[in-house]
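Each of the next two complexes has chain A plus one other chain: chain B in the first, chain C in the second.
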Partner chain A sequence: MAIFALKRLGVALLVALTVSLITFSMNYLSGDPAITIAGEGARIEDIENIRRYYGFDRPILVQYWDWLWNALHGDLGRSYSLRVPVADVIFERLPTTMLLGACAITFGLTLAIPLGVLAAVKPNSFFDRLALTLAVVGQAMPTFWFGLTLILVFGVMLRWLPITGQASWWNFVMPAVALGYNVAPAVMRLTRAGMLEVLASDYIRTARAKGLRPMKVLFKHALRNAVIPVVALAAVQFGFMLGGSIVIETIFQINGLGYLAWESIQRKDLPMMQAIVLILSIIYVVITFLADMLNAFLDPRIRVT
Partner chain B sequence: MSDRILTVEGLEVSLPVPSGTLNAVQGVSFHVDRGETVCIVGESGCGKSLTALAIMDLLPRRARRVARTLTLLGDPLIGVPETKMADLRGNRMGMIFQEPMTSLNPAYTIGNQLEEALLRHRKVPRAKARERAVHLLERVGITAAGQRLRQYPHQLSGGLRQRVMIAMALMTGPDLIIADEPTTALDVTIQAQILHLLAELQREFHMGLVLITHDLGVVARIATRVVVMYAGQVVETGTAAEVFGAPRHPYTRGLLDCIPIPGKTKRGEHLGTIPGMVPSLVGQMEGCHFAGRCNYVIDECRAAPIPLVSAPGRGHAVRCIRADELSRQPAAAEEGAA
Partner chain C sequence: MAETTITRTPLARAGIQTAEEILAPSPGAMMRRRVFGHFGLMFGAFVLLAIIAMAIFANVISPHDAYDQQLGRKLIPPIWHDSPKVTWNHPLGTDHLGRDYLSRLYHGAQVSLLIGFSAMIISGLIGTVLGVLAGYFGGRVDMVVNFLITTRLSMPVILVALAVVSIIGSSLTVVIWVLGLLIWDRFAVVMRSATQQVRSLEFVTAAEALGCSHLRILLTEIAPNVMNHLIVVATLEMAHAILLEAALSFLGLGVQPPTPSWGLMISEAKGLMYFDPWLIAIPGVALFMLVLSINLVGDGLRDVTAPENRS
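Right, the complex of A and B next:
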């Protein structure tokens, strides 16, 4: 188990390094950053000054190394537009996004996994049809459209929930539902398929031959094996969700990383965008690593490789 | 009668299939007394495994089972609620399956799965269950049993896993063990070991054993009584001596001709085969099920259902209207094998 964890950790670090390299090269993706900062109608001398001031004149590897070294020490550069350290802004906004993400994934999984199990236990039943309908609708509906619909129904027409802001827990209900519902369909279908396969397996018959009660067969023997692919999928879906939070935070005016990303794109604030992409990617790498660890705990055969 | 463990009378199992109803088991009857080994033999698809699963009430959900009598130590096994059935399963009767490679849950240790079998039915502390698991693993011939408990199924070979399955079935000290082709998936060298182990344990624990197998050599050695099944029906049943010494059904004779006998079968001599295929069991079938492959078939064979008839005063029964006639001409057996 320790060897497996170390191997996975090594892979995670390599991925993180690759991500940092790609993130860094974003600087040069949209042309000369010095010209971008200087803005329209700037004189050549100003551009040259800016280039020297920000160190764009140095060899690119040196720049990357400097940037990485500073990033590792918590210095992600200064925002072009806000004129403050990027790290300060990001760490102020990060908890909001993490809270939203946690609520959304919790909602998504608590909707998807029980429904998936129920659909598998009673195939072609009412619950199976309901699960399928929810999955198809969830798959087909864009997040932003669902968010706007929620606002219209529960915020404007029924006036049950606050529409924007983050003043209380109630503000997080609609965004979390909108974001989490997007995660549910794939997880639900995979849970159902996995459960159907596991329930037909020989070791489930063995468990029943021992006289174990149906609930024990279902939760101890079946679910643990069926949920293994679901864990890996949930980690991937969490990544999509982080991307989706840009849209959702903008719609619901939540001051998280997603909203910050949208603002930064509008202001062409490259260091800020770089840092946001880097942080979100690192979070994703960490989540994937944790999912691998959870799976290794669930399935002893994974620990061997 | 007091030592009657299992009574099966008129057991029927049917499965809905796209082309109709598959009558997989048709009126099977037999019984097992304490200390007996009853072997069910027959080709693949003759309904042996479904008979076993029907006794345990572990049939696929679509399958329907009906029986005149199906009792374990006098308690009915049919028409009782699932909770009551679950109390008996794995407690008074245990089952060993064909596929040891996939019959253990990959996610739990051997110890966990063994202990669970006992903890479900007895109020004993976990330590006691562990003790019994170690004892039984040693009894089924597993060395370093204490360490094996902490291992996972994927760390064990097929033979070891089948030994674990046997130990698991013995955890509660059941009265009946049903072993469904327990050695089919194993190496030939391991097969004999496992079967001998089962026979030994059956004597030691004084249980009833139902052994489903293709291996007639083993049947001849360990069976108290033999049930020969063909196409969903019992075609011949009797003590091992009766069935092997004086087989009366053409199908049983055909089966016996398929195995070489040391000292009798000469080198280079062809072994017998039974020509043709097992008939489809979808829908109703008129007359003798074996008629299509039998060398002695006459018109009467196909006219009406053939009853299972016991010889007067004996348990040896056969489902063949020409049995008396045929057993008077022993040479016919040779001819039939050709």
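Right, the complex of A and C next:
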């Protein structure tokens, strides 16, 4: 287990390092970053000043090293437009996005796992077909359009839920549904496939032959093994959702990391964009690493490979 | 088997088929039967072909110029609305600038299909090469490719795409390249495992024993056997690219106005949706139908080409 964990940790660190390199290189996507900051029609002296002020006149490797070193110490640079440390703004907004993500994944899982189990218990039944149809429909629905439709139906026509903002828990219902339904199809398919496989195995037959109640066999014996792969998938999907929250937060005007990302993209605030990409990537790396560990703990067979 | 051979031989020599042979469906007929009997595939293919036809003949079938603004005729509701402004001249009504919505819908199909298809080709090339090499050679190559896939997955697609587009500047070509360079991960994952499976089969070992070169084995032994997986992923990734383009355009960093893109149409109508909800409903339904049909075709092709893998 220790060797397995160390190996995974090494890969995770390497991935984080590569991501930081890619993120840093965004500085040079447009050519000269100093000219981008100065804007059109700037004088040459101004550009030179900006270049010195932000340190773009140093060798690239030195710049990267400094940037990485500062980032490791919690200093992600200063925002071009807000003139404050990027890290402060990000950590102020991060909890909102994490909360939204947690609500969304909870919704997705509570929808998908029972449906997947039901579909697997009676394959080709009405429930199975309903679940598959929902999965196909869910995969085809554009997130932003679904969000707008929810606003229109539940916010405007029925007036059940608040449309924008984050004043109360009710504000998070629609965004969480719009973000979370995305997760459901994949999780449902995986739960169904896992349950079908487990239900056909010998130990389930033994449990049934012993005369255990069907419910106990289903939930205590079968589901426990069938959801192991779902753990990894849910972690991956949670990471994707943090990235996808930019669309939902813009629609519902939730002041989280996604909305911040959209604002800084509008203002071409490069340090802010870089920091958000970096933070979200690192959160993804950490979450998938933890999920790997949890998986290895739940299923000893994984540790061997 | 032996029985049929015995009874068949004399007749076959004389060029006569037995009743069983005549009645039994040929492999081609079996395939056709599976294809035409698959509801999802048929429905998806029908809708997809209709949308492709819409895109190809957009200039011919559009009742009006998709860019022509007539502010005197703005915000006419579609014909099923109960309003005095409704006219058959604009079956789906007009937008906030008085442009014919049906014509814009037809032209939007062009943008979606063009971006979806091109981005799919680019990402397919990258992902397939990486995945096949990893699956075929294994070892270090596999490790490197796996690392690349993990790194790619850890970066949030929409955010990176938005950031890059905002730095470089937005155009159709930029959107296609950015999406193409970002979404190759699923191609690589699927092609890697498909190649691994085929690689361990006897006929590949036989080809190696005969002294075939790697290139020859990859092209003549591996490629035909992973093709069905490739087609399925290709359809799913095309749908993925179309959804991403719509999201980028919706956020204002994809296709730029006045080009009609379904995502952009929804974005432009966002402020008016409380009063004229059809403005977001129509392009949204179009987008939904396009992605649904592509996904149905992909799922259907998987069922038809590999019935034993049916989920």
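Some observations on this one:
The working rule: the second predicted complex is superposed on the first by the 303 of 305 C-alpha atoms of A that agree within 3 Å, B and C clash if a C-alpha of one lies under 4 Å from a C-alpha of the other, contacts with A are read in each partner's own complex, and residues count from 1 in each chain.
Operating definition for what follows: contacts are C-beta pairs under 8 Å (C-beta built on N, C-alpha and C of every residue); 3 or more make two chains touch, one makes a residue touch a chain.
The structure displayed is predicted, hence computed values, not measured ones.
Residue by residue along chain A, chain B and chain C are tallied for touches, and C comes out ahead. In the overlay built on the shared chain, the residue A:136 is in contact with chain C alone; chain B does not reach it. In the superposition on chain A, A:144 contacts chain C only, with no contact to chain B. By the document's definition of touching, neither partner reaches A:95: not chain B, not chain C.
When the two complexes are overlaid on their common chain A, residue A:240 makes contact with chain C while staying clear of chain B. By the touch criterion defined above, A:203 lies against chain B but remains apart from chain C after alignment on the C-alpha atoms of chain A. Across the two superposed structures, the residue set of chain A contacted by chain B and also by chain C is empty. Those residues of chain A lying in contact with chain B across their complex are 201-203, 205-214, 216, 221, 224-225, 298-301, 304.
The residues of chain A lying in touch with chain C in their complex are 11, 14-16, 18-19, 22, 26, 29-30, 36, 136-137, 139-145, 148-149, 151-152, 156, 189, 192-193, 236, 239-240, 242-244, 246-247, 250, 261-262, 265-266, 268, 270, 273, 276-277, 280-281, 284-285, 288. Against chain A, in their complex, chain C makes its touches with residues 40, 147, 150-151, 153-160, 162-164, 166-168, 239, 243, 246-247, 250-251, 253, 263, 266, 270, 273-274, 277, 280-281, 284, 287-288, 291-292, 295-296, 299, 311. Residue ranges on chain B touching chain A, taken from their complex, read 56, 58, 82-83, 86-91, 94-95, 97, 99, 102-108, 116-117, 120-121, 152, 154, 165, 168.
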